[in-house]
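Heads up, there are several structures right after this.
Two complexes follow with subunit A in common, the first pairing it with subunit B and the second with subunit C.
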Partner chain A sequence: MSKTIVCYKWVKDEADIKVNPDLSVDLSKAKGKISDYDKNAIEAAVQAARLLAGKSIGLTFGTPKTKQSLKDALSRGLEEVCWINTEAAAEADGIVTSKALAAAIKKMDDVSLVICAEGASDTYARQTAPRLGALLQWPVITSVSKIQINGDILSASRKLDDCIETVKVKLPAVIAVLPEICNAPIPGLKAVMAAGKKPIAEYQAGDIGIDFTSKSQVSGLKAYAMNRKNIILEGDTSEKIASLVAALKKEGVL
Partner chain B sequence: MSEDEKFDAIIIGAGPAGSACAYTLAKDGKEVLVIEKGDTPGSKNLTGGRFYTYALEMLDADLLKEAALERKVTHEQLMMLSGDRGITIDYYDPSFNQKGHTPVSYTILRASFDEWLAGKAEEMGAVVVCGVKVDGLIEKDGMIVGVIAGEDEMYADVVIAADGVNSLIAQHAGLINDIESHTVGVGIKEVIELSGKTIEERFNLKPGEGAARMILGCTDGIHGGGFLYTNQESISLGCVLMPEEAAERKISVHEVLQNLKMHPAVYPLLEGGHTVEYGAHLVSEAGFRGIPKKLYRDGFIIIGDAAGLVINTGYSIRGIDLAIVSGIAAANAVIRANDTASVGPAYITELENLKLIPTMKATDGFFEILETPWLYDKLPNLGADICAYLYREDGELPGSIKKDILKLVKANGLSVFQLAKFGLKGVRSL
Partner chain C sequence: MAGIYVYSDQSRITAELISFARQTGAAAFALCFSIEQAKAIKDFGADKVYVLQGGSPLVENYGRAVADFLKSQGADLFLVGATARGRDIASRVAGHSDCGMVSDVSSVSWTEGRVSCERLMYGGAVIQEELLSGFCVVSIPAGKFEAETGESSEIVVVEVEADNRVILVDTAPIVREGADLSAADKVICVGLGIEKEEDLQLAKDLADVLGAEIGCTRGISEERHWLPVEKYIGISGAAIKPQLYISMGVSGQVQHVVGIRESKIIVAVDTNEKAPIFRAADYGIVGDLYEIIPLLTRALKKDL
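After this line comes the complex of A and B, so read on.
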């Protein structure tokens, strides 16, 4: 049976992240959540699987804490989830993440479509989908705002800077979707209850058989504070406009 | 169990009452579903707060060791404020916290406590579903047989409403009417973050010890008061006011709390702290007479705050412990009753057996005592005046203390007769 895989990431809830006065970042009180854009991607996968008359499967690569996400993912309509459980995920860069996900995807048969969100709500690095395509040697379509599926042909609308591009590919393929691809409804009572009974496949680092060493390492994390000029312009309206123009020219903005 | 089968019980709300009830039922092997509106249990709840440990021991003595609690209360304090003056009484009693004995009470933050307790119920086998709102009840032949949530219907032998003060579910079931403004207070609270060491220094505490303080005279004369609890690394400071009086006098509740924070006797305790939480909630103020006439219908019972189980004596406030005990009572009733119709009466019997209703009855008199209007302004002012009189020395010949104090009583618009009557009323009504 055809399988649609959706990759999702368990991220820190940005609402709980605290910036200290010295601009250091306090993540200690931040709870986890499924990256917001991934919720739309999950719903897109559920709908795509229906069109392909197949199964929708969630796939996540994370630390043991990611376990909390599995029930939430399943309550969103996926039929199964697959979890690569390793502490190494905390330090993983784009290459390691994509290799781990690709290795898990290769273990599954009949995969027609892999869906990722365009970027995760923490880093928004936009690397996973293109790298997955390269590793699987499948075509990749990014910035997808709409899809149609006809047999084994998927046509996607790509939202670019100044136009909409329509692209067709033969499945299997990897797509990176924008949040507007579809709404992410809040799961209902029965959906949440049913989630507890759905199958979960768990892989340990050893099952995946890749090198988890990241080539890039995070050496520091600091908040960014906007330096404002705090200039108050005085005088009547025409004087204010004149000094505003002068100030903007001085800054090289005009 | 398949989805179409029905549960032994559906509990609405994963606060202390709902989770205690679910824990007890699941431990007995019952199929229980808990439906919580918040994204996590406790995320919609607020307390002062303090928690009396006996209730958790009643639920399961093992739970107390790992409960998400803050500091054991070793210092019971009462503060009276008047203008920029303040009197603080600090009662320290080591026997409340003897080695080898369970401390009588702990300070508590609900978000962590509620999530922990719901997790325990889940471990016992209860199904806990968060982020789902129950929209209504399903009624069949005069009996409640299930709940409606969005497009889903779920059935159970008994539906238990643990959805807190102003229970909409109990209103759906026709057991209570819409809220009456004089029976509830509006409580607001800030959690102010400070290091544990700073808190211990400012409140004269050893590590792990905590203070619980009730504050009188901080409400602009409105019926109500303030509270302060020391947590591990934060202070909970807030006040409860009767919203009707505040509205009549056009006083904003937020302003009252802001003034309390800036009071010269309070501010040094908070200085340097950061407000990390600000919340507001209704509090049932009516005590025994706030309990609905009927706590059940066929197939339906109400527990915790939904059933009005809150005691305010003026010197302490109880609710979480009563919620847990009522949850246990409800669970016992479901376990012991032979049929749905006998669950309700069995619940009332359990509430009596666990001394909950008798406790509410015994403290009923406080409601009238706390209705005395001069408690909230004239009394704290008289207290401060007497202290000022007693402690001020100017080298002059002392007058007659009795006469001078009587003068102060009169100057505050009170009379000895009034105070004596109040004392007598207090003795009689308790």
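After this line comes the complex of A and C, so read on.
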């Protein structure tokens, strides 16, 4: 049966990042989440699998903490998830991530379509889909805002900087979808209950057989310094407005 | 030949990348995919301009061809303009070359075969420094370097094979309306806090009084389609540097705020006093935009 794979990433929530006075960054309290736009990609995969009369499978490469994501991913309508579980994922760059994902995809048969989101909300590097194409030797379409599937032909609208392009390809292929491809509905109670019963395949680093050494070495991390006045205008509405107008005049920006 | 190879689908960025490559002291070579593009980029001082020709109208279809070409040339580094198309081809080349890549750097240097760069992480909240050595790919947004003009470069045509599995069916240009936000002196920014498309009028009225341009958050253009995509501000949209930025109904998530950081004065109007936009703002009014904005417009009209 045809398989549609969607790659997703369990990331730290940027809203929980703590910045120390010396601008060092504390990520230890940050909760995890499925990367924002990956949720749209998951829904796109569920819909595409339906059109292909096949199955939708989530694929994630992450540290042991990624386990928390599996049920969430399954409650979004995927039929299975496959998890490459290794501590090495914490340090992985684009080359390692794409090799790990490609290795897992190569273990599955009948894959028609691999879907990635536009980019992950932590790195936002936007490398995975094109790199996967190179590794799998499959054609790739990025910046996809709409798809149509007819038999084994996929047509896509691509939203680029200066044009909308329509392209087509014979499956199997890799696509990277923009969040506007479809909404990512919040799973209902029934879907959450059903998720607990769905199959999970787990691989360890050794099963994947790739070199987990990143090419890019992280040599520093600091918070962006945001120095603003942070003045909240007080009083009743007309006082607030009057103070704002006065302040803007004084700043010389009117 | 060894040296730095550059590509962008926008000539302006190609020129900037050539200028950076030359500053490092390395030989600078520009790639393109048609004679027409070659002519547009030949006067920016590249040692040579290579035209890779293989009969495909899609630049992306040359990913493997570029990787093979760079390998045969013994390239030291491949720099690509970080546009939608540029990021795509850059990552393909990195994939086919089995090499490292850094995307969308905010600064970069290259000495003795080592790249040192900074890039934004977590939507812009964090700056990460990265080091790479050996051949690698770096994508760089527009405006990082000053373009220069130089002697006319020699144009060399190289026949290559394109990957024609993805077929172009149609191209429809996106017609840009109004002024370029990145050059605007004042910007009124609309967020998902506005309820209906008609309510954009509130922003327009305020913009008229101030002589401002209208911008928005990503959701306003991509989910609701109320304003064109070039009007949204943030890490995946426009970066602006106005004297005055006023937001209404914008929560101020970091992915948006990263695009307004260069503003001189930031003003925020939002009902939620805990909205992160207030931490990014100079002046904040906690209140209903439907009440505040018309009053502000009226007050400014009287005053200006």
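As a working rule, the second predicted complex is superposed on the first by the 225 of 254 C-alpha atoms of A that agree within 3 Å, B and C clash if a C-alpha of one lies under 4 Å from a C-alpha of the other, contacts with A are read in each partner's own complex, and residues count from 1 in each chain.
Assume a contact is a pair of C-beta atoms (placed from the backbone, for glycine too) under 8 Å apart; a residue touches a chain by one contact, two chains touch by 3 or more.
Fair warning: this is a prediction, and the values are worked out from it, not measured in the lab.
Colleague: Between subunit B (first) and subunit C (second), which does A:196 come into contact with in this model arrangement: first, second, both, or neither?
Modeller: In the superposition, A:196 contacts subunit B only.
Colleague: In the superposed arrangement, does A:171 touch subunit B (first), subunit C (second), both or neither?
Modeller: It touches nothing on subunit B or subunit C.
Colleague: Which partner reaches more residues of subunit A, subunit B or subunit C?
Modeller: Of subunit B and subunit C, C contacts more residues of subunit A.
Colleague: Regarding the shared-chain residue A:51, is it in contact with subunit B (first), subunit C (second), both, or neither?
Modeller: A:51 contacts neither subunit B nor subunit C.
Colleague: So, A:224: does it touch subunit B (first), subunit C (second), both, or neither?
Modeller: Touch status of A:224: second partner only.
Colleague: Should A:210 be classified as contacting the first partner (subunit B), the second (subunit C), both, or neither?
Modeller: A:210 contacts neither subunit B nor subunit C.
Colleague: Have a look at where A:108 lands relative to subunit B and subunit C in the superposition and call it first, second, both or neither.
Modeller: It touches nothing on subunit B or subunit C.
Colleague: Report for A:179: first if it touches subunit B alone, second if subunit C alone, otherwise both or neither.
Modeller: second
Colleague: For subunit A, which residues belong to both interfaces, subunit B and subunit C?
Modeller: none
Colleague: Could you pull out which subunit C residues touch subunit A in their complex?
Modeller: The contact residues of subunit C facing subunit A are 58, 60, 63-64, 83-85, 87-89, 91-92, 94-96, 98-104, 116, 120-132, 134, 136, 163, 165-174, 186, 210, 222-223, 229, 235-236, 243-244, 253-255, 257-258, 261, 264-267, 273, 276, 278-287, 291-292, 295-296, 299-300, 303-304.
Colleague: Could you pull out which subunit B residues touch subunit A in their complex?
Modeller: It comes out as residues 3, 33, 35, 40, 127, 129-132, 149-152, 154.
Colleague: Under the touch definition given earlier, write down the residues of subunit A that touch subunit B in their complex.
Modeller: The touching residues are 31, 186-190, 192-194, 196.
Colleague: Under the stated contact criterion, what part of subunit A meets subunit C in this complex?
Modeller: 12, 14-15, 17, 19, 25, 93-95, 98, 118-119, 121-135, 139-143, 155, 159-170, 173, 178-180, 214-224, 226, 228-233, 237-238, 240-242, 244-245, 247-249, 251, 253-254
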